[in-house]
Structures are given as structure tokens and as C-alpha cells.
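The structures come next, written out as C-alpha cells.
Two complexes follow with chain A in common, the first pairing it with chain B and the second with chain C.
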Partner chain A sequence: MRQRPWLGPAVTLVVAVALWFYPNLVDAAGWPIFYLLFAYTVFFWVTQASSWNLFTGFSGYFSFGQGAFYGVGVYALGVLVVKRGWPLLPTFVVGGLLASVLGLFIGLVVFRLRRLRGEIFALMTLAVAFVLGAVARISPTIDGGQGIPLSSVPTPDALGTHPQMIFRLGLITAVLAVVVVQVVQNSRLGWGLFSIRDDEDVAETLGVPTFRFKMIALGLTSFLAGLSGAVHALQVSYVTIEEVFNIRVPLMVILMSILGGTRHWMGPVLGALVVHTMSDRLNRAGLEAVSDIIVGALLILMIVAIKEGLYLRMRERPLVTAIGAAVGVAAGFVLGPLDSAVTHLAYTLLGAVLGAMVPVGRRRRPQSGAPATQTIEEVVGG
Partner chain B sequence: MADLRFEDLVKHFGGVHALDGVSGHVDDGEILGLVGPNGSGKSTLINVLSGHYEADSGRVVLDGEDITDRPAHRIIEMGLARTYQIPRPFSTMTALENVSVPLMFGAEPKSPGEAREAAREWLEFVGLEAYADEPITSLNLHQLKYLELARALAARPRILFLDEVLSGLNPAEVNESIEMVRRIHDSGITIVIVEHLVRVVTSLATRIMVLDRGKVIADGDPGEVMRLPEVVTAYLGKRAQSA
Partner chain C sequence: MSLWTQSIVSGLLSGGIYAMMSLGMSLSWGVLKIINLAHFSFILLSGYFTYQLAFSYGWDPFAAILVCVPVFALAGMALQWAFDKLRVSEFESLLLTFGLFIIFESIASTVWTADFRRMDTVQNPYQSQSVWLGDIALPVPQLAAFVVAVIVAFGTRYLMEKTDFGRAVRALSQDRDVARAFGIDPHRVAMRLAGLAAAFAAIAGVFIAMSRALWPGLAVEWFGIVFSVVILGGLGSTLGTLIAAVIIGFVGGVATVVGGPPMAPLAIFLVLIATLLFRPQGIMGRSSI
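Right, the complex of A and B next:
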């Protein structure tokens, strides 16, 4: 919100360049390949959550369509590359574009009708995923109920070994998603979307082209989700309807974004990192069965305790957050033996989150002022 | 210059004729008072003219151009802005951000950064600069109404529709707001004001249009119009007039 719109994208790109060489570090240090796959999955969720947040977090239109957009991307790769023999890289983009077509179609239908707002939009996006799943199951050209094996997809050597390539593709899509959201957040489009979220009628009467902005945002959201889905197809060896067109992706991105905070691009990034790290560690600890329950309960607690989202709360309370993180780091050493750096990361994040949850004091109010005496000419001239 | 005419505007809500063939005009530089009992269609007329509602039939013409079917965001761009009876600020934004939104759109859109700077001056104009970076929850009703004014003025309108800017205010605030309306008018903006307080309207307006049950029943000089028998009847009922 400050006057440095270029800062966010610049920092993101610097971080991205540094991360690009992370696979070389993992290789040189002899760390397990899991470190790459874990990071890839974080990138995947960062992309998906950021993409969801661009439309829903900014405009307030609740969408369950993430699963559908993601699914279109996954199946675009499965069908076009495996069954039709298309080259890999262009198909990523095609996956995003196909998802975009779907998103824009939904928008065209729903936003044209002024009465269909809020709940209807949410239900419609939810229904689309189920319809797409059913269509894919029936149609032999798409899936036909058999699933599509993806392990035989030829991949380019330029990006390194298979895990290194997955990591780097995930990094590229995540950086693209984050930079797009950063640019939107500080643009007219972003402010138009925020005003739509607060009061769409007022936004329109103040000059915001609400229909166009919602369509642009939905188009970007679905493109990023589809692109990320197409990349993710390389990570799974076998695509099935049940695993793609289910409710998991939309629910996860909603939780991640709301936990991290929907108003700032960093919210979904942080939310994705925290949620995925926690659930990954719980699964590792052999708690698969109850992992969803624990993560779910934690999330409800955090969301109720921190309404503005984790990121804004942490920014407001940097000291307690840092102390919490430090305690987490220390706890990691004390509670050891640490099987993995990811466990240590989990402790650190948990410490920071708990630190940020320490109650905040009230801010003071300003003095009331009387109307100034200048004329409109002076305001306009000045 | 602004020349706004509307012909035969009809707007139904279910079976209710909120506007039942309303025609009229807004002349450049005037303060037009729209009065009438509750439910007479004053607010609906503003909502239709500002593009907030679509009329069922009829025409709105600005400077000879038919703007009836224009979306609201195009209408404000052409110089018609409005405020809401119950203030509707963007609730997750600060006062400054609220005012900066209209500055980013319209005929001369500014970047978000430029819009923030310009918005500060509009906040100063209505005396809310101390609240620039505050959440709107720290503003009282009077201040929220001023914020509505600042937001509408920031769009640089030629005609400003004010929907009950005085309702809910205490006498001191009413006086302050009347001064504010005069200041806005003095700077060359044509004003259409919907108001319940008849005495205020008659002193402020240069012309008055009286609506009753969706129809125009009188139009003319403020002093004379309010004494017409049909206007008295509309306000007070038949018995009061004969008494």
C-alpha cells in the first residue's frame, strides 16, 4: 500500500533467481531429493492460493472453481501430450488458456445477470467442477474412466533431472503467479476489485467498470490455476477423475488464503507455506488419519483469532513474531533429534504463528478537524 | 455546461410504481430541490439518473446525448455523481483510500499513487484530513456523509445528486452541511438535492420539483411551490388542507 509498487516484484525476482540454484545446492550437499519435492509442493500451493486470491480475495466473489481450473490444466496435459503427442512446453500455456476460457465462460453467464451474485456464483463454480468431472469420465477422448498414465511423458533435459525440473517449473509458475498478484494489487485493477468487494454498486457509480474488471480477474485466476495444473500433471504419475475434480484443491486454497490474509499478496504465500508444512509433518509423523482434523482445528483457531490474516498481523507485530520464530528454532533443537530441516521449519513457523497471535493493543484515535475553507478551484488547482 | 433532461421515466418495483412517468430537466448552475412525502420516488429518480437503477422505460438525455442505457461507470465519467442517503463507504479501506478510488477512474484516470495524493486534498476540502489513514469505523455519521461528498466531488462532477445529506444530523451539523453545499455550488457545480426538511430545501434551492406517488405534481419557485394546494395535500393529507 505504500508508494513502491515495483518493490514487491523486484524482491520476488531476486528470491526466484536465488531459488533457481537451490537444486544444485541440494545436489552438492547430498541432501535428500525430498527437499526438492517438498519445495515444489509449496510452490504448487503458493501458485494455486495466489491465483484463487487474485479473484476471490480481491473481489470478494467466493469461488470453488479452483478445482475445475486446475483440473482443466491437468487434463490438458494428459490428453494433449500423452494421447495426442503435443510438445510439452506449449501445452502448459494451452492448459492455462483452456482454463481461462472456462473461467470467462462462467463469468459471462453469471456476471451478465445482475441478480446472480454471491452465493449463486459460489454454487455455480462448485457445480462446474462436478460437471467437468462427469464429462471427462464419460468421454473416452478425455479420460473415459480409465485415468491417464503420465510417467512416460518425455521431459526436457535443460532443466536438470526430473525432480530438479519439477522444482524449477514449479518455481517459474509460482513466481509468475506472485508477480501477477503483486502488480494487480497495486494497480487500478486491484483497487477496482477491492471496491467491488466492499460495495459493488457504489464501485460502479464511482466509475469502476465492474463487469470488465471481474472478467479480467477471473481470466487471470483461471489461467494461473490451469497453468499450474498442467505443470502439476508432471508430478503425478497417474491422473484420475477422482483425484483431480474433487473438493480438496478449492478447500485447501481457501484455507491457505484466508489464514494468510486475502488483502495482501503475501497472505496466500505465507498461508500456503504454513499449511503445507504443518500437514506434511503430521503425515510424516504417521498421523495421516488425523492430520486433516488437526490442521483443520488449528486453522479454525487461527482464523478466528486473527481476522485480518496472518501476514498483516505479523507485519504489525514483528517483534513478537520474531521472538516466536526464535523460540520455534530453539524448540527444534531442544526437542530433537531432528530428522529433517522441514521439521525445523515447521517448528519455526509454528513459533512465529503463535507469537503473532499474542493480543494487540488498541491504536489511538486522531483529533477531529473542522472543514477547511478553501474552494474547489483551490483543491483542483493545487 | 450541463444540460440534463429526462422524459417519461417509469420504474416499477413489483406492483409499486416508484416512478410513474416522470419528466423534467436540470438547468446548469441551479440547486434543484426534490421534495415529496416518503415513497414519492425522489430517491428512485436519483438512482435512475445516476445509472444505479435501470429505468423500465423513458429517456435520460445529457447534452443532447441519450444516456438511458449507459452503465453507471460511464455516467459518472460524463459528469453526473451522487451520494447515498445512508453513507456507503468502502468498509475495508481508509478514508483516503475511499476518496482515491473515483480518482483512478473516469475521464482522466490517475495511477493509484497519484490518486492518493489528490485524494488528500479532497479530504482537506471536507475537513477530514486528520482521518486520512484511519479506518472508516472511526468516523461518525456526519463525517461519513462528508466522506461521501469528498468521494463524489473527486470524480469532478458537473451535476451532483445529494440524497438526504442532512438526515440524521443534529442542528449544528445541519447548518455546517448547508454551508458545505453552498460552497460546492459556488464553485460551479449544479446540485440536485433530495431533502426531507422542507424549510432547508426552500432556503437552499433555486427551484423545487415536488413528487408524489411517482408523479411530478409541482415544479417552480421554492416559495410559491410549497404553498400550492396539491403540494400541501400531498404532505399533510386532505383534511389538513380543508381545515
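Right, the complex of A and C next:
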């Protein structure tokens, strides 16, 4: 991987080119439009989760601010395009840049601190979405508590019908996010961020420009989140403060990244696919009420039991994962009715995930009553 | 003029509730190194318990303290026990309790729905009562919360400064290994302290249920306020938290008069930014416990 840093982005681009023609396939085969919208939503979450992971997963600074960055993007499109009549495409970039400004401002305030930088950053980003909501509510030029209707936004015809356009815009942002993360992971910036995560003081002593690296990474993270928010605004017909500046987006990206694994670019991509597919099926089955409880419980389970995340786990044990996926495919046929390919996808993913989670070939635990072993495990585990 | 005085006085008084909400958070972050987002869930659930006890059984809201405090103290201790067992780090605690927060919030919205829940004047006679100071009204729930918060803050300070338990806590927060070498059991002390913090959350919840309508999304609104109070007061400092809560209450009150209720969180956030820029250790300097 380290010897061939171009490989990841190259594969991503090839996959992206193939996916570009997926809408034509859906059209030609007469599949339901839902398949396009479902894929778009996966792209949206892949973008958001990858963007979150770029800063938090790599540097170890915990951010709850994804919702704020995303919200800035959504509102940038709402205010500038709907109220001011700006052209659509440049506004996407402006939305990303505005989110970047917010991210860099938070970084500027918090990263100057010596002590408790990480904790204060986390709580600051937790509070900032609510404050932005308050600002939007006060200011009539932004929202004024009325909400902004977005259904009348003129869209370019070049990208096809509305669902096709949404799909392709989502694909572009997702590819951009994934490629950026792949490039960062194999660059000096990435290695610097990893060293910050491991021990920031040591990294600083060794000459890693920690402040600059953190600011660059946070700027990229918030840009991608804002850009994706601006694109997502096209998918929402009516923007309200309550629906934008809540903790749903940070909750989902945290869960997706932690579930997939934060140490590799593939983690958030996998996590986004798994979590969105599952929650889509749960909601379809009318289980919205329990889906939040499942999300919370899953988050706790991952932290406690599988800290490295699903992706690394699956890579370590491809056989069990494949068996799990095969069982999932079979279960899909047996348990049916398979009204939709998404349901089948859900079964397959669930099988693979459960397969990867099965505790076989686990490292042997130190025997109880052996103090020396326990101390070593404490050092290694802590 | 009277509007100004009235708003500022009620702002100062709401500092009492803010202090009650923040004391436990400050202790658990400053001493236990656990950033406990479930603290907010405890406050919210305690509020709903108070509402439910009054609604179903006609309990006086003050009497709800007798139920809520032990229940949530036990919950807090159980949580701390689990943290010790799982050896969670500070960041993992943030994530774990975020998961718990989400679970509790969806439980609250399942049980009590997303509608506003408020005790009526029969169940809660205090909400319409006020102590009059000239022509300034001091609403009884806020006043009581303020008095209780002052007592609790000074009580906790006494506990930390003068008792063996407090000395053990201070020793642990300074150097865990040395404290252990001197025979202090860190797990037991941590559990008791977590129980204390959760008990404070329970009291805060009772007073919140007495003074306003409850809905599940309320807990998210508290993040900014409590976080500002804790940072401004200085981590782990009881008196600092009390003073900071009154300052934040005052700022919120003034901002409400100037720009209406949505202005308050913005003004409070600006105070937080200023604190982080100019006095990141909080007003009480190094933590006093």
C-alpha cells in the first residue's frame, strides 16, 4: 500500500467511471428509481463519514461538528441560490468554503490551548451546531425561523433527470472525498496526523508541525462536509433549522466510521454502506422507534468489543467473512420475500458483518491470577 | 427599566439550575476524567420521573427528590463500575456515553412522546408562586433551585476540603498511583463520586421539571450551557462552577432582553470562546479541589 500510493485513487476512479453509467442501466432495465436514490444516499453518507474520518480518525481529535459543517453547506445553498439567485455549481464550492471557515475558526480557538485540547475540541464542536441553529433563527437573511423551500431550485439538464443528476452529483462528491482521504492517508500529512493521534507531545518534539497539520486536515474535513451538505440540499425539498442542526448527522458518521474502522480509508466507506442499508430496511419495516436504540447500542458494542473496526477485522479473516456473506445470500432466498435488491444486500452485509464478528481465532486471554501478564496487557491495551 | 431588572434577576436565578446541572459534570470530568454525556440524560429522565410521579400519583414535586436522587445515584455508580471494568479512556467515555445518551433520548421519546410535558398548577403549585422583592418577582422553583445549588456547592466544597473522602478524591486526581500506594481504593472512591455527580443531576432534573415544560430534545440544548459553565468555572472547581453558572445565567438574561430568547445561546457561546481564548483554565484558576 505504502509503495503504491496511486493504486487506491486509481481503483476508486475506475469504479467511479463504471458507476457513472449506473443510471443508464437502471433506466434501460426498468428498475425502480428508488435504486438511484438509495445509491445516492449511500454516496452522501460515504462522503460525510469519510470527511469526518479524515480529521477525527487520523488525528484522534474527536469531532461532533459534522452536523454544523453539513448544515452550513445546506444553508449556503438555500440562502445563496434560492434567496439570492446565485448559479448552482459555484455555490456548492462556496458552501464547502464557508464550512471550512467555520472549521478553521474552531481550530484557531481550540488548538492554541495547551491542556485538554482534545476534550475541549470535542465539546466545542458539540455546542456549535446548536449555536448555529440559534444564529439562523435570529437572522431573517438566513432563515428567521421560517425554513427555506428548495423544490424550485433550477438544475442543470446535462446530468440527466433529477434522480440521475442527484446520483451523479453524489457520486462526484463521494469520489472526491474518498480520493482526498486516500491521498492524505499515504502522504506526509497523513503520517503526521497519525503521529498526533499516537502522542501529540512527542510528535511536536520530533518536529511534526502539529498545528498546521491539524488546521489543514480540519479545513479539508469541513470543506468536504459543507460541499456534500450543499449537494444534499437539492435532495431535500424544505430546509428547517430543526432538521439540519441536530445531532443526527454527527451520530451517524461517528457510528459509521467507528463501525467500519477509523484507521483506514475503507472503514467509513464500508460503515456507511452497512449502516445506511440496515437503517433503511429497519425504517421500511416500521421500526424507526427501535432503530435509534440499536444505533446507540451498536456504538457502545463497537467501542467495548471491536475497537479496530469491521474493515480490518474482515481483512484479517476473509474466509469467515465470505462464509457469512454466503449464508446471508442464502438466508435472503430462504427468508424472502425479496421484494427489493436492497433487502438482499442487507442480508448479505449482515451475514458478512456477523461472520467477521464471530469470535474465532481470538487472541488467548491472559489467565486470571497472573499479575505479570495482566500488567503487560494493561500497558499494551491502554 | 423594570423589564430589565426583572430579566436580569431571573437570569441570575436560572444560574442556580445551571450550577446544579454543571456541578456533577465538572466533578466527573475534572476528577474522574470521564466526560459523561449520560449526565444530561440523567437530568432529563429525572425531570420526567418528577413529572410522572406528580401526574400519576399526585406527588409533590419536591418529594420526587426522595425517589430520583437514590435512583440516579445508583445508576451513576453502576455506570462508573462498568467504566472501571472496561477500563475506558477519556475519549472512549465520551463515545460510550454518547451511545447511552442516544438510547436514553429515544427511550424518553418513546415513553413520553415528543410533545411538551408540563405539570399543571394543581400538581405543581409552585410554578405560579413567587416571592416578591419590591416589584421584582422571584419564582419559587428557580429560587429554591438557587438556594439548593448554593448549599450543594458549599457542601461539596466542605466535603472535598475537610473529609477523608475529599482528601482521597484530591489525592486520586493528583496522582492515581501514589494515592493507590497509600491505600486508597480508586474504584470505590470513583464510584462514590460518580454517585454524587448523578445525584446532583437528579436534583437538577426535579427543579427543571418544576420550572418548565419537558421534551426529549431539551437535553441537546443543555450541552452548550453546561459546557460553558464547566469551562468558565474551571474543571473540578465547585465554587468556580457556582460563580460561572451565575455569570452565564446573567449573560443569558441580558441577551434575552436585548435580542430575544434565541440570542441567549449565542451570547453564552461568545463567553465560552472568550474564556478559551483568554483564560482557558477558568475563573478559579487551577482547580481548587
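What we mean here is this: the second predicted complex is superposed on the first by the 347 of 382 C-alpha atoms of A that agree within 3 Å, B and C clash if a C-alpha of one lies under 4 Å from a C-alpha of the other, contacts with A are read in each partner's own complex, and residues count from 1 in each chain.
The rule is short, and it goes like this: contacts are C-beta pairs under 8 Å (C-beta built on N, C-alpha and C of every residue); 3 or more make two chains touch, one makes a residue touch a chain.
Values in this document were obtained by computation on a predicted structure and should not be read as measured data.
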Identify the partner contact of A:D199: answer first if only chain B is touched, second if only chain C is, both if each is, neither if none is. first
Identify the partner contact of A:P209: answer first if only chain B is touched, second if only chain C is, both if each is, neither if none is. first
Examine A:A122 and indicate which partner it touches, taking first as chain B and second as chain C; both and neither are also allowed. second
Once the shared chain is lined up, is A:P5 touching chain B (first), chain C (second), both, or neither of them? first
Looking at the overlay, what does A:E316 touch: chain B (first), chain C (second), both, or neither? neither
May I ask you to decide whether A:N246 touches chain B, chain C, both, or neither, giving the answer as first, second, both or neither? second
Indicate the residue numbers of chain A shared between its chain B interface and its chain C interface, in ascending order. 382
Within the complex, which stretch of chain C touches chain A? 29, 35, 86-92, 94-96, 98-103, 105-107, 110, 217, 220-221, 223-224, 227-228, 231, 235, 259-260, 262-266, 269, 272-273, 276-277, 280-281
Chain C contact footprint on chain A (complex, rising order): 60, 62, 109-110, 112-116, 118-120, 122-124, 126-128, 130-131, 134-135, 137-138, 246-247, 251, 254, 258, 289, 292-293, 295-300, 303-304, 378, 381-382
For the complex, give me every residue of chain A touching chain B. 3, 5, 186-188, 190-192, 194-195, 197-199, 201-211, 263, 365-372, 374-377, 379-380, 382
Where on chain B is chain A touching in the complex? 50-52, 71-73, 75-77, 81-82, 84, 88-93, 97, 100-102, 104-106, 109, 111-113, 115-116, 121-122, 124-131, 134, 138, 143, 146, 151-153, 155-156, 176, 180, 183-184, 186-189
